[in-house]
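The structure under discussion is supplied below as structure tokens; questions concerning it will follow.
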Amino acid sequence: MKPINTFIEGEEVTGFYLLKSVNIKQTNGNSPKDYFDLILGDSTGEIVAKFWEASATDKETFFAPMLVKIKGHVHLYRDKLQFKVVQIRPANAEDGHQITDFLRSAPVAPTDLVSTISAAAATIQDADYKWIVDQCLAKVGDKLLHYPAAKTMHHAFYAGLAYHMVRMLELAEFIVTQRPFLNRDLLITGIILHDIAKTEELTAELGIVSEYSFTGKLIGHISLAVNWITESAIKRGIDLNDEKLVMLQHLILSHHNLGEWGSPIQPQLPEAIALHLIDQMDAKLQAAEDAVMGVAESGSWSAPVRALENRPMYRGKDKI
Amino acid sequence: MKPINTFIEGEEVTGFYLLKSVNIKQTNGNSPKDYFDLILGDSTGEIVAKFWEASATDKETFFAPMLVKIKGHVHLYRDKLQFKVVQIRPANAEDGHQITDFLRSAPVAPTDLVSTISAAAATIQDADYKWIVDQCLAKVGDKLLHYPAAKTMHHAFYAGLAYHMVRMLELAEFIVTQRPFLNRDLLITGIILHDIAKTEELTAELGIVSEYSFTGKLIGHISLAVNWITESAIKRGIDLNDEKLVMLQHLILSHHNLGEWGSPIQPQLPEAIALHLIDQMDAKLQAAEDAVMGVAESGSWSAPVRALENRPMYRGKDKI
Amino acid sequence: MKPINTFIEGEEVTGFYLLKSVNIKQTNGNSPKDYFDLILGDSTGEIVAKFWEASATDKETFFAPMLVKIKGHVHLYRDKLQFKVVQIRPANAEDGHQITDFLRSAPVAPTDLVSTISAAAATIQDADYKWIVDQCLAKVGDKLLHYPAAKTMHHAFYAGLAYHMVRMLELAEFIVTQRPFLNRDLLITGIILHDIAKTEELTAELGIVSEYSFTGKLIGHISLAVNWITESAIKRGIDLNDEKLVMLQHLILSHHNLGEWGSPIQPQLPEAIALHLIDQMDAKLQAAEDAVMGVAESGSWSAPVRALENRPMYRGKDKI
Amino acid sequence: MKPINTFIEGEEVTGFYLLKSVNIKQTNGNSPKDYFDLILGDSTGEIVAKFWEASATDKETFFAPMLVKIKGHVHLYRDKLQFKVVQIRPANAEDGHQITDFLRSAPVAPTDLVSTISAAAATIQDADYKWIVDQCLAKVGDKLLHYPAAKTMHHAFYAGLAYHMVRMLELAEFIVTQRPFLNRDLLITGIILHDIAKTEELTAELGIVSEYSFTGKLIGHISLAVNWITESAIKRGIDLNDEKLVMLQHLILSHHNLGEWGSPIQPQLPEAIALHLIDQMDAKLQAAEDAVMGVAESGSWSAPVRALENRPMYRGKDKI
Amino acid sequence: MKPINTFIEGEEVTGFYLLKSVNIKQTNGNSPKDYFDLILGDSTGEIVAKFWEASATDKETFFAPMLVKIKGHVHLYRDKLQFKVVQIRPANAEDGHQITDFLRSAPVAPTDLVSTISAAAATIQDADYKWIVDQCLAKVGDKLLHYPAAKTMHHAFYAGLAYHMVRMLELAEFIVTQRPFLNRDLLITGIILHDIAKTEELTAELGIVSEYSFTGKLIGHISLAVNWITESAIKRGIDLNDEKLVMLQHLILSHHNLGEWGSPIQPQLPEAIALHLIDQMDAKLQAAEDAVMGVAESGSWSAPVRALENRPMYRGKDKI
Amino acid sequence: MKPINTFIEGEEVTGFYLLKSVNIKQTNGNSPKDYFDLILGDSTGEIVAKFWEASATDKETFFAPMLVKIKGHVHLYRDKLQFKVVQIRPANAEDGHQITDFLRSAPVAPTDLVSTISAAAATIQDADYKWIVDQCLAKVGDKLLHYPAAKTMHHAFYAGLAYHMVRMLELAEFIVTQRPFLNRDLLITGIILHDIAKTEELTAELGIVSEYSFTGKLIGHISLAVNWITESAIKRGIDLNDEKLVMLQHLILSHHNLGEWGSPIQPQLPEAIALHLIDQMDAKLQAAEDAVMGVAESGSWSAPVRALENRPMYRGKDKI
């Protein structure tokens, strides 16, 4: 199969791709007719496609996300590659393809990621923190196996959220070794819970965020996670003014550092400083890595990267 | 008794005043000796005072807040009036003074303010909102009778918090009449709860804030109020994703409007817009009123007002 | 007649609508021909329309604003509804339609709004303020019967300016009752005059702003209103340094509060604070009300609202 | 006479100086007594002084601004030089000193500056602009002979305002030669009028600003100048919508360039751009020149300069 | 030849124009075919053009920049004029046109500009500064004869960089006469070198910038110029800590004034202040002049000007 | 010896301390006399001290930095502890104290730190990078054994700069293991050189910065380091446009991330992102660690920490 990020202008392509979005539109002009405005994807990228000959039956047949076999041409439209579909049919069992092979996914198996997180949770010494972590992980359930960490900013792929957590846990283990004055339990707990409510803030399927949920828009993942912690604490009978609990909620509330980035309170614990910096380190380096990995063979510069303040990244010719 | 805001340079004063702060310090120079660095107050204002002849017994006798009889002189020090104490003794029962007469207080009796708030709560039609309001009011208890609304920004006086709530409720009643599309229950509930956790965020006695509490610093009154609402909802069995509950938490979270002013989420409900604006209207007009009321007879301009972006207020010569 | 805000994709529509804008364009491609690019409107909304078969006569016939009878189809173009015109003719007297029925208009009759403003002007006790208000109202003349308050921000409809003034006057009456220390004459005068020069800043017909005028761009409505006040004062022989006059000009100059929002000076009178806040309250709640009222039956969220810092508004399912 | 900017720690000084400010204060401690807190000045600088032995008669004798003969010692107090007065008496006619010799003043005679400005005004071709300039200059009258251009920012000296105008006129003549497309009349008129209302905004004597006036605080020199122009135009019967008049008011309104710097409207005419830049050029280079000229012989760095965004200036060892 | 800035909708045009950009694209729809998306230019402006009938040979024939003879029609597309090409052929020697006649160019001959710069360099008294200037000018070589000063901001035309330098030199001569305390050598050197590395930062041909170079993106013209100065100084054996050298590097580093505008250090020398202001004066007045000169005969307002904070410029009806 | 951070009000202290600053001042009042205004320090902190009985001989005897034996009293002055010196003499050889024992110093021996840095330099594979690093380290010489990393922000102690580099190198080794796509040579080189020119930007002795140097103020450590790299490259004959060299200079130039923080160019290489983040991580966690370690036994909160956006840090009661 030809990977989408290798498509070049003018070539004809036949193969299996993921239908990531399907819209029925009408052509403009005197005799308008219906056509499909599509987004095709695979694990390497995505491309806009048009299917001008969509029939009435087609409208009942194709929905996103779905795996399809497709034939057509790559051409340039307003400086971007676009795909003109000539033939399209749904993939079937005999084709032998798994939809998950067509998604970008974390480079580690989701079950391994979740195991790693559970293992980290098990090392928390403080029984209250461990209880709260267990409650929240239970609440999330299987979503951890596939949720991305964001819509587009960073780790926007299958199991991206769990992958982000695991990498942050690795970094945290190094940091607490380098600076033993830090409270490891508090930091590990903070890492596991800091973005956990993104599973409620975002509506996602197959690692693709379609929209922010109602509670996501009106409350946001930071305050949602604090609600979950409050709920868990009440269940266990922890006083809401308990110092440990207050410190944990503080870590969640302050992990975006500044008010204009969504934190209602600013970091006032060393572990809160650490959580914010570890989060930044993993998010920004992942975005930089994705950007340079996505530069075409022949090129040197990525597109502007939103998570890196809209700067493009340069890929050096080779390692020196 | 001579009100403090009428003190003038050079005069001798004898009378009862409130000791709002007591610090023991040492004079500088070759033979250091102890003295008292004081703040005297009454319902009209406050003044820095020094008592150079403080004895060992005095150190055991005087603490803040306490009512004292005092004799001394007003003089100018670094462009500000200061008071030199010659004699000082604690007030006693025979003196016939109440400490509360020496505090600035809301212009309405605290019990009346609390009754008004309770009455407003009773008009809430929605049983869940009414439950949550009742729970939170019960949690605050008598603090509502005396807490100020802030350390210095606005309504920083005895029962200032309840007074602020009552005036906002008045404004809200007018606004919902002018714009019936607004959800009155949601708005009234939001007003009663928006600053309710200031009773936990701030440590205050007699309407005077001494400091921010531990939970106040690490969590803040906005997220604390959300925690209280979550706690009340769980007690009643309301689902945390219930639309009404989410909307109420949204009002609390967004009432400072912008991230840099402490709101982790921005208003997305008309009632949230209204709550923010009603809060601003009452806080800023109160600050402006306090400022012009505090201008000396002979003057025209107030000091810069922190709640009004550090601008001074001008007091017009008279109403036209 | 089918209201525009109820149009759905695919349906055929025949009816009377307002031509809000007419542009003659050429099709792209090898044999370009002329067509009409139109905006149709009624009191409920507006829609882009194309008339591909425009004849030479048509170009002489159709201009905006004009009432027309139209037949055509609704379809989707770039995610937005668009109208394809099949037939079009000007409305005539026999059709029995008034152009004003096709405009969004204030919910109160313009003559009633103007009467209310005149009545408020008549209650001003200070003879100088009353003179200035009368002069400025006379200068505006009939424009007050139809001018909108802005191009798009808020009250962008027929008689929106007068409606905004009336609602602010209502609010002001409440506020001066709640806070009697405020100078009612100054505040009422400030409200009537604060946006009065929008009638010169903006070029508008039938409540629709087509552009900013030359003086609007180079001077702006704030400084224009100050010029009008200066002119009125000179006519009556009021000294330009008269305290009352200075205070009134201050209210106008400072009513946008901050320099970056267009005020060259910041509020330093309680009435200036009040004017700014009353203006905000009415403008933002009107924008919020318009937004939720404009949400389709089937939807919950409005488009982002410019006057509300580009946030969308949520319409709650029902009043609780 | 020893210039103040040559005073060094430890020396005794006798001479004539200007009393720029006199405050009577009381010493702190057990037996408070009155003393004078003074600012002494001459054309080279100023120094804080204390006169501890002030008698009752002295309090009736000394006021600012007044020329005095003084004897005392220079010492260091909190890292700054201070002067301890031992003897003080008012200067008298026999002493043969002029108070103006003790002020910092423009390096050109004030009457010459005013003549230059009048001469420039006389070159304005447009009769309306010339009328308005003449009216405004007449309104200012003799103030132009001594007013400074600001309290502290730049040209804060005797006749500083006129000097600033003259230097800007010189620059403008060069610029219009370099770029003949500019409207010279408009630019020259704009330069003469842009800061003319500082004579009303600021209260000043002998080139020293004591405070902002009431109208200065509530209206500001930008809108005041616009009022003057409106007044002059009305007197001559120029329509307020006349293009030339609008363009002139635009120059005044926009000359601070940004809203946050006090301009309610931004430059939209090339001459408005030019006026802003010429104003900046003269103000900032004057501030830089003052700063390096004020660096002590032995030093290299000035204090931070407010008009230069609080940066200190370095004085190069010599011209290369 | 009809100048591009006089094209009007509907007319047919035949003539010689510069091909500033050539892109081959495909039409959308069922039977896609190739066409040319072009930009045509002359010394007065540019216009987008389409050539729908592009043949296979044409694709081998036309590249930018190239002079062509063209025939076609002007029409309106999305509110902007566009050109539909009917015939096109390369210009040849017999046509007798020079490509440079079709470029916007500085109004002074490039060789004269370079001579003026060399002459200014020759007046530098300090031998070290003169050496460094000579080295850097030698390094730039002929690029000074044609490089623009920017991609779009200001002086974006043939020899725009040299023209900008010359006009700044003129201004500087005036300023050092007005303020003799300034170090002329330092200022003149700073002007010649401040933008000299734009010849490395930008990739340009015929005065048209196609892109930022690799070193331009990663280092920028400010630090590049500092590198050149360091290189020249080392070659001559000047110590890198030499005061004169440090002052010169300071001028280059600080000439954008603020960190957010690209200067890593802020001006702390009067000459650095002067350099920044002279640069601003020339860049902004040039942008304003270009804007009003580009306003169509029938119009009054330019498009928003990027170098003038996106404000449009108004062209007054005539000089008064 | 009593550590300074354990001093309490009222106690008498005798011991050896470091004289960190000596100023001779005069008492105010009628008979001024000289006294010493001192700062005493040890490895735990510092305290302001006064010696009122300073003799003429004393003025010749005491200078900073010097080790002294001192006797006196701790008292409170303006809410801060101060020390009143009764006796003072210089320490001598017999006293057996080393001045370095009285300084706060990195927790690792400076020679070990420098060895670690040299060892890291030796692992750089690229010969050019290794050459440049060796040149720059040679240029710094012994300063690396004692320079602090800043005046007050972070690592403001003896050998703080080397310690900061070593900890960043540790972090970098972890990061390149976690993300092998990063160019290790470039990152290691960048870390060693990013702050190396602080040894020229700051004037420091015994780990204490007294001021910014002349070149530090006018050029800054970022551009100074770039100059050093240029100088080294020229010495080795590396072309200034060599990609590797450009990338290295880019890392230095962009390591403060934003223009307003001093970087003239923003990070566009993954290694530049990493360098910035590693620098932040080490600087901020060090500042947080210093803050909580400096909280008194009896307290919970540090003073506001400048490197942490002026927030105070809370020290949790114990590790959970």
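We just call them A, B, C, D, E and F in the order they show up, numbering each chain from 1.
Everything below uses one rule, namely that contacts are C-beta pairs under 8 Å (C-beta built on N, C-alpha and C of every residue); 3 or more make two chains touch, one makes a residue touch a chain.
Remember, predicted model here, so these are calculated numbers, not experimental data.
Student: If you take the chains that touch chain C and keep only those that also touch chain F, what is left?
Tutor: Neighbours common to chain C and chain F are A, B, D, E.
Student: Taking mean CA positions as centres, which chain lies farthest from chain C?
Tutor: F
Student: Which chain's mean C-alpha position is the greatest distance from chain D's?
Tutor: It is A whose centre lies farthest from that of chain D.
Student: How would the chain A/chain F interface be labelled, same or different, where same requires over half of its residue numbers to be shared?
Tutor: Over half shared, hence same.
Student: Between C-D, B-D or A-F, which shows the same interface as B-F, counting it as a repeat when over half of the contact pairs match?
Tutor: Repeat interface, by the over-half criterion: B-D.
Student: If you average the CA atoms of chain A and of chain D, how far apart do the two points sit, in angstrom?
Tutor: Their C-alpha centroids are separated by 61 Å.
Student: Could you please state the distance in Å, as a whole number, between where the Cα atoms of chain D are centred and where those of chain E are centred?
Tutor: Inter-chain centre distance comes to 40 Å.
Student: Could you give the separation in Å between the centres of chain E and chain F, each centre being the mean of its C-alpha atoms?
Tutor: Comparing mean C-alpha positions, chain F is 46 Å from chain E.
Student: Give me the residues of chain C that touch two or more other chains.
Tutor: Chain C, residues with two or more chain partners: 214, 217-218, 243, 247, 268-269, 314.
Student: Tell me, which pairs of chains are in touch?
Tutor: Every pair of chains in contact is listed here: A-B, A-C, A-E, A-F, B-C, B-D, B-F, C-D, C-E, D-E, D-F, E-F.
Student: Hey, which residues of chain C end up touching chain A in the complex?
Tutor: The contact residues of chain C facing chain A are 50, 52, 73, 75-77, 79, 82, 84, 300, 314.
Student: Which chain C residues qualify as touching chain B in the complex?
Tutor: 125-126, 129, 167, 170-171, 174-175, 178-179, 181, 183, 185-186, 243-244, 247, 266-270, 273-274, 277-278, 280-281, 284-285, 288-289, 291-293, 308-309, 311-314, 316-317, 319-320
Student: Which residues of chain F touch chain D once you look at their complex with the stated criterion?
Tutor: Residue positions touching the partner: 23, 25-26, 28-30, 32, 214, 217-218.
Student: If we count contacts the way the header does, which residues on chain C are in touch with chain D in the complex?
Tutor: 214-215, 217-220, 222-223, 226-227, 230-231, 234, 240-241, 243, 246-247, 249-250, 253, 258-265, 268-269
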